[in-house]
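By written order: A, B, C, D and E. Residues from 1 in each chain.
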Amino acid sequence: MAQKDELTKIIGKKNVLDDQKTLDAYSRDESFVIPVRPSCVVKPTKNTEVQALIKWANETGTPLVPVSSGAPHYRGDTIPATGGAVVVDLSKMNKIIRVDRRNRVAMIEPGVTFGEFIAALDKEGLAAHMPLVPRSTKSVVGSYLEREPITMPRHHWDPQDPLLCMEVIFGDGHLFMTGSAAGPGTLAQQWENKRAQIRPMGPAQTDFQRVVQGSQGTMGIVTWLSVKCRVKPELKKSFLVPAKKVEDLLGLVQKMQKVLLGDDCLILNSHNLACIMAKDSSEVATLKDALPPYVLFISAEGRGVSPEDKVAYQVNDIKIAAQANGLIPLEALPCGLSADDVAAALAKPSDEPYWKNKAKGACRDIFFLTTIDRTPKFVKAMFDQAESKGFSPNDIGVYLQPTVNGTSCHVEFNLNCDSNNKAEMAKVKGLVNDSLVFANMGAFFSRPYGSWSDMVYRRDGETATFLKKVKTIFDPNKIMNPGKLCF
Amino acid sequence: MSNRPVLICGETEGDGISSSTLELMRAGKKIADDLGAELSLVIIGNNISGIADEAASYGANKVYKIESPLVEKFMADLWVGALEKLCAQVNPKVLLMSHTNIGMEVAPRLAFRLKTRLTTDCTDLEADKAENLLLCTKPVYGGNAVAIFKYKEEPHFATVRKKIMAPAEKVSNKSEIINVAPDMDASAVKIESLKIVQEDAVSLDKAEIIISGGRGIGGSEGFKELEEMAELMRKSSGSVVEIGGSRPAVDLGWLPSSRQVGLTGEKVSPDLYVAIGISGATQHLVGMMRSKKIVAINKDKKASIFNIANYGIVGDYKEIIPAFNKKWRELS
Amino acid sequence: MKIIVCAKQVPDPEAPYTAVQVNSDTKEISTKGVAPVINPYDENALEAALRIKDENGAEVVVISVGSKISQAVLRRSLAVGADNLVVVDSPQFKSLDSSSIAYVLSKALEKMGEYDLILTGRQAGDWDLGQTGLILGEILGIPTVNLVRSVKIEDGKVVAEKILPGAYELVKSNLPALLTVSSEVGELRYPIAKRKIQAYKQPIDVWSAEDIGVDSDKLVQIDMSALMPPPDMGRDCQFIEGDSPEEKGKNLASILKGG
Amino acid sequence: MALIDWKADMVRCERCSNCKWVPWQKGPGLEFAQVCPSISKHNFHAYSGAGRYHSSLAYVTDKIGYTEGWLDIIYHCQMCGACDITCKTNRDMEPQEMLLALRAQCVEDGQLVPALMDVMEGLKAEDNMMQSKKADRGNWAKGLKVKDLTKEKGEVLYFAGCRISFDKELQKVARTAISVLKKAGVDVGIFGKEEACCGGRSYEMGYQGEIESFSENNAAMFKAAGIKKIVVSCSDCYHSFKVLYHKIGRKLDIEVLHITEYIAQLIKEGKLKFSKSVPLRVTYHDPCHLGRLGEDWIPWNGVEKKVMGQLVLHDPPKVFRRGKYGIYDAPREILRSIPGVKLTEMKRIEEYSFCCGAGGGCIDSDPDYSLWVAKERITEAKTTGAEAMVTACGWCERNFSDAVNETGDALKIYDIIELVEQAI
Amino acid sequence: MALTREAYRALEDIVGPENISEEPANMAGYAYVFMVQPYMQSPAEEYFMPAWPEAALLPGCTEEVQAIQRVCNKYGIKSHAFGTGWFPGSLAGSPNTITLDMRRMNRIVEIDEKNMIAVIEPYVAVGQLHVECIKKGLRPHVIGPGPTTSSLASHAACCGMGPSSINTSHSSRNILGVEWVLSTGELLKMGSLGQSGEWFSADGPGPSLRGIMRGYMGSFGALGTFTRIAIKLYPWPGPTKHESTGRSPCYDPIIPERMSSYICSWKSWDDMHEAQYMITEAEMTYSGDRAVAAWHGAMMTESNQEFYELWQKGILQKNAFAFGIILGGHSDGEIEYQEKCLKAILEKTGGWIDEELEKVPHAVGSNYWWHLWGGEIIKGIFRGTGSFFCAATGDDTIDNACFGSYLGDTLMKPYIDKGLFLQEVHNVWGSNLYEQATIGSHHEPLYQYDPFDLESTKAAIKLGFDSVGAAITEGVGLGFFENAGEMAHTMTSPHAHDFHKYMKKIKRVFDPNTASDPMGYCEPE
């Protein structure tokens, strides 16, 4: 097969796979997107190979579908939308290029998982900005490129955080570096001049990395990212704030964001907290029963010249703020679950099984952005929806994550389900595809996976029009993951 | 000695040469000496042999005499033509006229015909020996500034203000008198003179005391008050006392123009100048600022006349003058 | 009957003397904070023209030559009754000497066509040269009378009183003719309010040097070898005191009589 | 100084736009934050202090000539000094002086506004800015028993000014002032019909030459009458006598007092006592010429010099008038001492007060614009909850009264002296 | 080339005759801005932008801006909108361009206290917004030039660092919602605004068009006009009103409870930067910003003369390596923590707070105003000589800023020695430690020149040009002036992955008829 030969020339034989099993594995995921088999899977090991690959794809008109994380995938973005595509699996590009404690930045390749990343940072006295308990196979680069929110809104200044600079090979085959990494000078020269690729803006009058982020691999292939890290706290005080309703917690959340208090700040319902903290499905059920309906997890980290004082004043202020909202921050819940245990769980990737699959073996998510004050109406709507579709409210996990310093909020509903239960899966599919209900209420599906893309781009044709124009700039031959988003 | 003379265009006054011409001759002589040129004089009129003879005593090398019945009276058109021809003949280096009504009318037209540049109403003349040019000093901007003009075009041509220079004195050497054929054509006269009406033969420049009124007098009636004052002073001091006025007083018809003191009227320098109801526009000040003593009476304290007055009274002349007259009588 | 009045814009000769600044270095005179005016003698000429218009009916056209001529100032002529205003404005016309102004005027007159009478002021309040009108008469080759104080039109001829020392001469001339007008004509009338408003709206002719075919080689600027402030004649005025005007008058008499 | 002499300032204006706003340290929010009437109305940048710098730079470098639009920009300015003060909170520049030079340049070049030409014609002929007959000037004092200082000597002169003398509705201000001063035992006199304009307004209209003769006249009249103290109700006159005369080299050796200063002084000395309550919520409008423009003139005659490489200094050192020492406290002290009067302040006060709109000749050259500005100020005054706006200048009062009449607002406009009289 | 009458009438119909002008004197106001010569590399004696706008318009609403833009496309005219026009790039610079003065669009649409969002129009000045925000316990990001500048302009289309960047980031990072009239006249409502009319996020769906809208520097009107934007607001620890005492020119702030103002000094760049690492790691300041001795001295004095006298006392030079700090606690505990940290950091790094300097009248107050909202900057940077420009700016780590500071000193020194700029080496401004320095630290080696002095200006032009070269050869990074406009791009882009080529494509694709002035951005492909 000519294609395989050519790919072999570029990538090397052992990194070009086209066996049925592999192709099947890359043709489907945990989402509701239609499975399409790629024609080939390649695993490049360095950026020059990626660049050559893209040039080849341009010449041959072959669609490329980049993948960073290991299975299972949940969003459908790594499944080819057209036949004849080549999947570019970047898992073999898994170097941690640089960890810079002084400037709180690391540079990593797409294949690096959170587990590897955390370990490497820890050695240098740094910690990663974590999304909510990622699965162990999750690529750090993948997570950040997808704009997965992190659990610390105080450190989430911009939707693109903690992504800083990147090396990307655009769909036109041009290797590019964004932000201050762009130049002048090679990376080595930049390091020499004490630069650490931490300024995300630019170069010049364009923020190229913003176009790549959230693009689901449709603009180019990222070959490394520099990412914001935080200094590993010398001490950390965590609290669990129980509440019957989401509404009850919001005053405290808003206050903390408004005066920059605390580090972690997220709300989970009993189901999700149980899934994260329990060992297995049976423990989920018992733990869940012991938990209050909603829990706000907050922490205050101490670092810098006076870590104890930093934590002390924050704890004090948090308590006062909680009291003002009729709430009590607890070090441990009456059921015995301690805040420190939760903190520990949030600081690392998920144990197996992945917490989302823990209760019923599978899970489908509905998530979008809104503002903190609007979250209760969406929570209510989700349960109303579930009820109307006959889906058990008991199987719905709720995760509310303030983002961008509290100016917006990620709302996520995790619909726990049994993939073998066709009737249930149909209901889940219905709920996921019926997200228009939320959109009509003002929910912003900023990361439109699968069927959501049609919904959002139909709602806002102008944006779609201009995104298509952008696409022509960076991927003129439309070889990058065609069929995704509005492309 | 250059054969290009300093030529003075003279005027007659009654049966003699005019005083302003004599002034010019003194100034012209100096210029001629400085430039190493001859001094010449031209006289135009009818039956002027006697005057020419008289004029020949004032130090000119030559006196040109242009005699014609056509110029019994001053006729600008004929004067201009005659002088144009004479200049073509004698090719003067410098040409001077008095800034009189005649000079004012003839000089610009003549200058145009001679294709030269003219400086009018000069208060001083000087020869620039180095460049062989004439320096003409002239007050400008109504007397607010003094400019010196120096033009290369020839003949260097100026009209000179009266009463600025002393008149020339008689010398023993007589000038050569040259008769110039008049060559005048009556048809050149485009202006018909219907009549000359004598109005008020006053010579302000001979007055020792001038009582002047301006816009502040308020009307011709007011000048009667001034006349009474003048009469008193005449009687008590025996001086020549005249009534004068500023331009507005003349323009408004309260006084004949012969009594106008100022830039476009007479420039006077009496022993005493009493300015009543005159605000002191520069154009007036130029005409009287050389007076030996100046008294100003004006209602308006901001009037600039006070700036050049020795004595000032702020107030209404109608109240002040009768009291003044009364007191003057008492004291006389 | 078409009467042309030549009007020059000059710094206000009646500006407070302290506002007049003589710069000997640049040989420039400025009247600080004082608006320019139409040369007062030209205003006299305009008044003479308007009187003819009152009497006989006539079209009065005011023409002004200069550089940066202020329309606001010249439009006053329209406000008092002139029928049209022609402004001939060019940077080349800055401080032209008399013969050049007369030349430019003659070119403008060519463009304007027929006219019957030209009136100018006897002299301009800036340089006080008194030449332009007479030279213009020479250029045009028309009868010219200097220093008139009254102008009338009788039987298609102009009759004027020409000022002589202590007398006047009644003169008569065919038309067209040029007369220079002296202040004895009287001051320019005041505009009436209604006309003022019209005057600021009325279209006027603004011509450039090119418009009238001026040969710039023929233009000569006024030039001086020196410019100086006048000699200071300021005297320290002694104000005669007195509790009443009468007393002041008496005191003055005493002082003059005494010394 | 001539316009061209301000070229350095024109070039060094960096377009910071502080000239458009109330000083930021005073916390202007969304409303009433703009300090310049001209840009507030016309919006184009050229109608601001900075804009006039830039257009003037274009003018002096021959990039633009006189056009209708340029003149519109030049004459649509109240010369209120707001841009001057706000600029000078930061810079060592003189916007007001540049604006004055610009106007003077226009006047010298004959680039005139018809309405102002008429005013000037009136001034030259009748010695007042109101296009009225000189003979009527003393009418306001008819029936008042007050010393005529043109006839007899006296130490205190009350100078009514053109506006108050001729504006029939404002004549009460002068009459009240005389009555109040007399009640305080002041031996006050007037010039009556012999009073002449102070010359200040014409100066700001660009006719800077006129003030020469008026200042000379007034100084002589003051001297002749033996005056030691001039009291004025008009802020323009105050500014002329105190500031402009000094500026043009004719500093009066007489105490110049605005009536508010004098009243405040009389209250302090116990010569004026308030016995009646005047129950009124008021706000006080600082007249530009009494406030920011009212501080003493500081003569300076020197050159610019550079130190530290390019630091712009002046030799001898130049002291800038930055509006710090205007008359702000006296009127407020008076209002606070009147029983019953409750003073609430507007946002734009003291050195960053908003002009009434009448200044710089605008009341004559563009009355609509002038009124628009007054209405802006009235809107601001109303937000304080005041029943009345008190001012201390006839021009302000005239313009505000006209505006209130036009809008039908219930807000009353008073000269401060009227409240003083009510309280005695 | 004047507008055709047809085009003019079409524009006039949109905004009304009172809101359009082509009067040259008016255009002069839109063609002048400081630092134009070094920025445009134009001759020293040329004070104006190379091309004057053909007309200026004052649109009143988004629909008018759209209509104007359509007219531009129809008649082949370019537009260039600006907020307050402080920066050269904000003014029209290409021939056949009309300028849109956004002054009439000056509303604060909303201040959403709960979600810390302000929605503003172009002519809302930073100072105004600040006052309205603190009423609700919040504050906006403020850029260096201070309170008069348009908040929208700096966030959407210009550049955006300021003294409080340590806690309020870079303007490009604070954008939550955007209403954007593209060069074609089409209206783009980004993110959540386009989906549901809510202003909380402008990223997505999918790739973020914020990346096209602007980068480190904004597009300076070259990609259309931003008519309304939503920006993030940040905590304000002080009272609901700014209070001050005194009268012009210096107004002393009443520094609120639980806030304090310090000027801290060190003996070298290295020590100061070491302290900055500690300050940012401890997250302990409300604001922190490099205090250049010369202009900090200018800020605290009422005139150049007073400044010069202060300078001669030597206090300022003694504190040449200074960093102004504002502490602000929402609680007693927080402010105590901050004070304690500051003390500890000074001890560890050999820093000090100069008592003599603090005693200078207005010293503490001017530092406070500067940090609060960029106030006093005009005194600091313009009063002395009239203008400034920058040598080799950069934005990356604090260490890189330190490296850049040494380079800046070196580049400026020969000119300073010749007396061509204000005398003061070590005048590197910046240390805007964005987001506690986690995304970089800005430094600007600025030199103050006199635009009225031709030699001084010529030097400014030359050093400005040479600085771009130095940024490339010395590798300090691409900062401020190296990042905006065709001329700079031509020099720098080949050394930075040819970013220019993409910008040209963006310009072509988003503005097919070049109906927006490319001057401050780039010419289309």
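Brief remarks on what is shown
Note that contacts are C-beta pairs under 8 Å (C-beta built on N, C-alpha and C of every residue); 3 or more make two chains touch, one makes a residue touch a chain.
Being a predicted model, the structure only gives us computed values, none of them experimental.
The set of chains touching chain C and also touching chain D is given as B.
By count of C-beta pairs in contact, A-E exceeds the other of the chain pairs A-E and B-C.
Centrality by Cα centroid goes to chain E. Taking the mean of C-alpha positions as each chain's centre, the chain lying farthest from the centre of chain C is A. At the far end from chain B, in terms of centres built from Cα atoms, lies A.
Averaging Cα coordinates per chain places chain A and chain B 106 Å apart. Averaging C-alpha coordinates per chain places the centre of chain B 51 Å away from that of chain D.
If you average the CA atoms of chain D and of chain E, the two centres end up 37 Å from each other. In whole angstrom, the spacing between the mean C-alpha positions of chain B and chain E is 74.
Annotation for chain C: residues 11, 16, 239 touch two or more other chains.
Remark: the chains found to touch one another pair up as A-E, B-C, B-D, C-D, D-E.
Touching chain B in their complex are the following residues of chain C: 11, 13-14, 16-17, 20, 22, 27, 29, 44, 97-99, 102, 122-123, 125-131, 134-135, 137-139, 142-147, 149, 159, 163-174, 177, 182-187, 220, 223-231, 233-235, 237-240, 242, 244-250, 252-257. Note for the complex: chain D touches chain E at residues 7-8, 11-18, 20-21, 23-30, 33, 43-46, 48, 50-51, 54-55, 57-59, 61, 63-64, 67-70, 72-73, 85-86, 88-92, 306-314, 317-318, 320, 322-324, 328, 350-352. Considering their complex, residues 66, 104, 107-114, 117-118, 120, 152, 203, 206-213, 216, 224 of chain D touch chain C. On the side of chain C, the complex with chain D involves touching residues 9, 11-12, 15-16, 18-19, 30-36, 68-70, 72-73, 76, 196, 200, 239, 243. Here chain B touches chain D in the complex through residues 300-304, 306, 314, going by the rule given at the top.
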